[in-house]
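Two complexes follow with chain A in common, the first pairing it with chain B and the second with chain C.
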Partner chain A sequence: MVELIVYGIVLGSIIALGSVGLTLIWGITDLFNCAHGDQITVGAYLALLFSGLLSRIGPLSNPVGPFSFSWGLLLSFIPAIIVSIGLAVLVDRLVYKRMRRTGAHFITAFIASIGVAWALRGFIYIIWGADFHFYSEGLRGMVFLPAGIKLRIDEIFIMIVAWGSVAAVYLFLGRTKTGKALRALADNPNLARVSGINVERMLIWAWGLAGLLVAVAGILYGIETQLRPEMGWIFLLPLFAAVILGGKGSITGALAGGLVMGLAQQVSTLFLVPTYKPAVAFIIMILVLIFRPKGIFGRRSA
Partner chain B sequence: MSKLRIENVVSGYGSMDVLHQLSLEVEEGKIVTLLGPNGAGKTTVLRTIFGVLSPKEGKIFYNGEDITGLQPEKVARLGMSYVPQEENIFAALTVQENLEMGAFTREDDFRQRMEEVFEFFPDLTGRRTSRAGDLSGGMRQMLAIGRALMLNPEMLLLDEPSTGLAPFLVEQIFERIQALNKQGVTVFLVEQNAQALSCADSAYILEGGEKKAEGTAQELMNDEEIGRVYLGR
Partner chain C sequence: MGMLDFLASFAIMASIYAIFSMGLNVHWGYTGLLNFGVAGFFAVGAYTSALFTSRMPTGALATYVRQAFGFNMPFLLGVLFAALFAGIVAVLIGLLTLRLSEAYLAISAIGVAETIRIFFNNERWLANGSQGLIGLKRPLGNVIPPAYYNYVYLLIVVIFLLLIYFALERGIRSPWGRVLRAIREDEVMAAADGKNVFFFKLQSLVLGAMIMGIGGALYAHYSAAIQPSVFEPLFGTFIIWTMLTVGGTGNNRGAILGAFIVWALWSWTTFLILKVVPPSFATRAPYIRYVIIGVLLVVFTSARPRGIIGEERQVSRF
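Moving on, here comes the complex of A and B:
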């Protein structure tokens, strides 16, 4: 049980990372971005690409301390994040900005995002094929914590990076002027405009932030499991559930929702065959939509 | 001198026109109220002035300058602030963050202004770090106006600030609006509540997107027919 909770926190932290950008963009533009999951995949594969290149420099192919992954992978976070940010902003400029300008219905944008999702995945299939990939073939060391908890050493790294990133995002959104404006915009876009906040400029920040976080989430997810072209698309379901649970545009809600989804999915394996794990996210999402359609931290709560 | 003038404005949503050739004027330094029943198009007037909606016909002048079709984020920089009727606070942000967002376009140090706003609405002072969504109706309205005051506006557009408030709170809000006006702020007050006449200098009556009457607040208050038909007397 305790062990499952720890695994739940590991998974939950990755979901939380992925859901922040999703809820921000949903709150600001009404777009529920279906390509968010595949952006996670792209982030993971970008790191595979860059770590492959970097590992040609001999010493960089050595593993980092006790971890399974190499120095090359650790360094590849930087270029992967930069390209991911660029891609996110570019897709927004090319696709969604045009739609906002013509006042397209949010369903139209939603369907366009499904198209973007398939395009990104197709791109992955073309370049890397349908096979599984691993960042490293090396052995995955374990650690034994008190209370009989058995954890892979990599998972400690995942938790530190994930919650470190979440904390950094939280500080950015809570303390800086741009961060507060992003929250204001996600909470009440009309009032934000009336207050003089430039929506288009803020959206570059929102997509950039989303691009950064999906890259981190994708690489961490890749370390935790393995890389395959469908990884992000399947991951989209718990992401949606986390964001709906948290409430439209609520950052705190998305973080809490992510943690709940991670815990619920892992702990459910006590009672369910693990294959049904994703269904748990589905069931929670449906229950929330029926009983708390505005989410737990949703805006306009009277 | 007219602070704000709208001329023959036609505006609405999609192919539906709500305002039909409407002309209004707000004189500098005054409180002008726009009264009318539900669905008269009052909110549409404010949304069109502030650029949330673009008029299909007609012109809008602010300080003698043509601002027709200007985006709201630009209008906010001209010294005019708008307090919408609904969803007029950032519910997920704290009280203080709401005021900071009101000052978003300011590059200078606005802390002193924030203290002035807290002095103006002392009830908010103890709630600085509360989530705005947790405030009571009266406090929300004060915060909504407070946010709009952060830019030291020359002119304030208010959409039914009395909605859903108990009578003593309505009086308190109207009293605050008059106090603002004494500080030199021109006020355009949209209301359904005829009590607004008691604090206004002049008034317009709007119905079906058309101007039905205009005059000083005194004249309209004393006009029996207007009282009967539009003000529920």
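Moving on, here comes the complex of A and C:
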């Protein structure tokens, strides 16, 4: 039981990180981005690409301290994040900006985002194939915590990076002028517009921020499990659940929702076959939608 | 001969997809219900008909194939029960989710469809779990020589397609159909006019689901084998959304046209690509179809949301 809770927190940290970008875009643009999961996949595969290139430089192929991954992977966070940000902004400019201009209903963008998801996944299949990939082939070291809990050393790294990134986003949104403008936009787009906030500029920031977060989430998820083209799509379902649980546009809510989803999925294995995990996330989500449509942690009244 | 056979099997699958597409048109095109869980009704229809028409395995086979029941019913009864069960599932889902707003309904529908698929995958006692059921009954299968079978099955599917098409065309031009479209355009107005919005939405959900159930049954008896992987969101739901969007949301002829166009792109690109690309790339090249379908969906939603045909302005003539 205690062990499952610890695993739940590890999984929940990655879900939380992934859901921050999703709820941000949802709050600001009304778009429930179905391509978010596949953007996570792209982030993970970009890191695979760059770490493969970097590992050709001899010393970079050595593992980082006790961790399973190499220095090359650690360095490849930077180019992977940059490309992921570029991609997120590009998709917004190419697809969603046009829809905003023509005043299309947000549902249209929602359906279009499924098209984006397919196209991204198609490219991943074409470039990397359907096989599983790993960042490193080596053995994965374990740490032994009290109460007989075994944790992979990598998982400590995952937790630190996940919550570090979340804290950075939190500070950015809370302390900087751009961050405050983004929050204002999420709260009340019309009021923000008349207050002189340049909406299109802010949307570039929002998509860029989402691009950054999906890349980090994708790489961490890739370290935790393995890389396959469907990884992000499957991961998207608990993300949706976490975001809905948290309430529209609420970052704190998404973080709490992510932890709840991680815990619920892992602890459910006490009673259910593990293959039911994704269904558990959904059933919780549907129950929340029925009884608390604004989310449990939702701060705003629509 | 080879070309004709190819065309027949293409037309069967395209017609089955056209049935799903028309079912989705009832939900999304006419009532504005964002059903992203087509695959769930597809699965319920396919499994129901498979179970009702197959024999309970006996002897050595029983150790390999498990199923909850097998009534050995005729094909048409299987289709009937498929529609019925899909309708019952729709009532249950509708009671739970139809009060939710658009995007929430869509996401819960994905969730329900995935839960149904995972359930069939895990519960081996019900329909043999992940291995699925094989050797399903093919209507008139023992009378018609295999070489001609596809042509006969095509005829059966087209009869279903036409029956559903004409029934829907009548329904949508009736006062009932106008209420659905009124709900799609403005729910509050429809409610203010004294229409029970929830009940009409439920009727629409059930009708569309029953059509999808029939499509599922037709698929099961055509492929003669079903397993849970068929009902994954991509293949069971989103390809159908692309078909309806491309053909023309809110128009049954558009739904059929879209199914044929998208299925042609889907099945023929593999065929053509494998002739062009080097063998070493052969396992990856077919995934270009994902890109094509994705780009189609984006292009149509952003540049031509009406689809190729689009909805007629006036559906009722006095």
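Here, the second predicted complex is superposed on the first by the 298 of 302 C-alpha atoms of A that agree within 3 Å, B and C clash if a C-alpha of one lies under 4 Å from a C-alpha of the other, contacts with A are read in each partner's own complex, and residues count from 1 in each chain.
In this text, a residue touches a chain if its C-beta (ideal position, glycine included) is under 8 Å from a C-beta of that chain, and two chains touch if they have at least 3 such contacts.
Please read these numbers as outputs of a predicted model, since none were measured by experiment.
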item	value
Touched partner set for A:4, first chain B, second chain C, both or neither	neither
A:49 touches, of chain B and chain C: first, second, both or neither?	neither
Touched chain A residues, chain B compared with chain C	C
Contacts of A:64 with chain B and chain C, given as first, second, both or neither	neither
First, second, both or neither for A:188, with chain B first and chain C second	first
Chain C-contacting residues of chain A that also contact chain B	none
Residue ranges of chain B in contact with chain A within the complex	50, 52, 71-73, 76-77, 82, 84, 87-93, 97, 100-102, 104-105, 133, 147, 151
Interfacial residue positions of chain C with respect to chain A in the complex	34, 96-97, 99-104, 106-108, 110-112, 114-115, 118-119, 121-122, 233-234, 238, 241-242, 245, 283-285, 287-298, 301-302, 305
Partner chain B, residues of chain A touching it in the complex	177, 180-181, 183-184, 186-188, 190-199, 249-250, 297, 299-301
Complex interface listing, chain A residues touching chain C	32, 95, 98-99, 104, 106-112, 114-123, 125-127, 129-130, 233, 237, 240-241, 244, 273, 275-276, 278-279, 281-283, 285-286, 289-290, 293
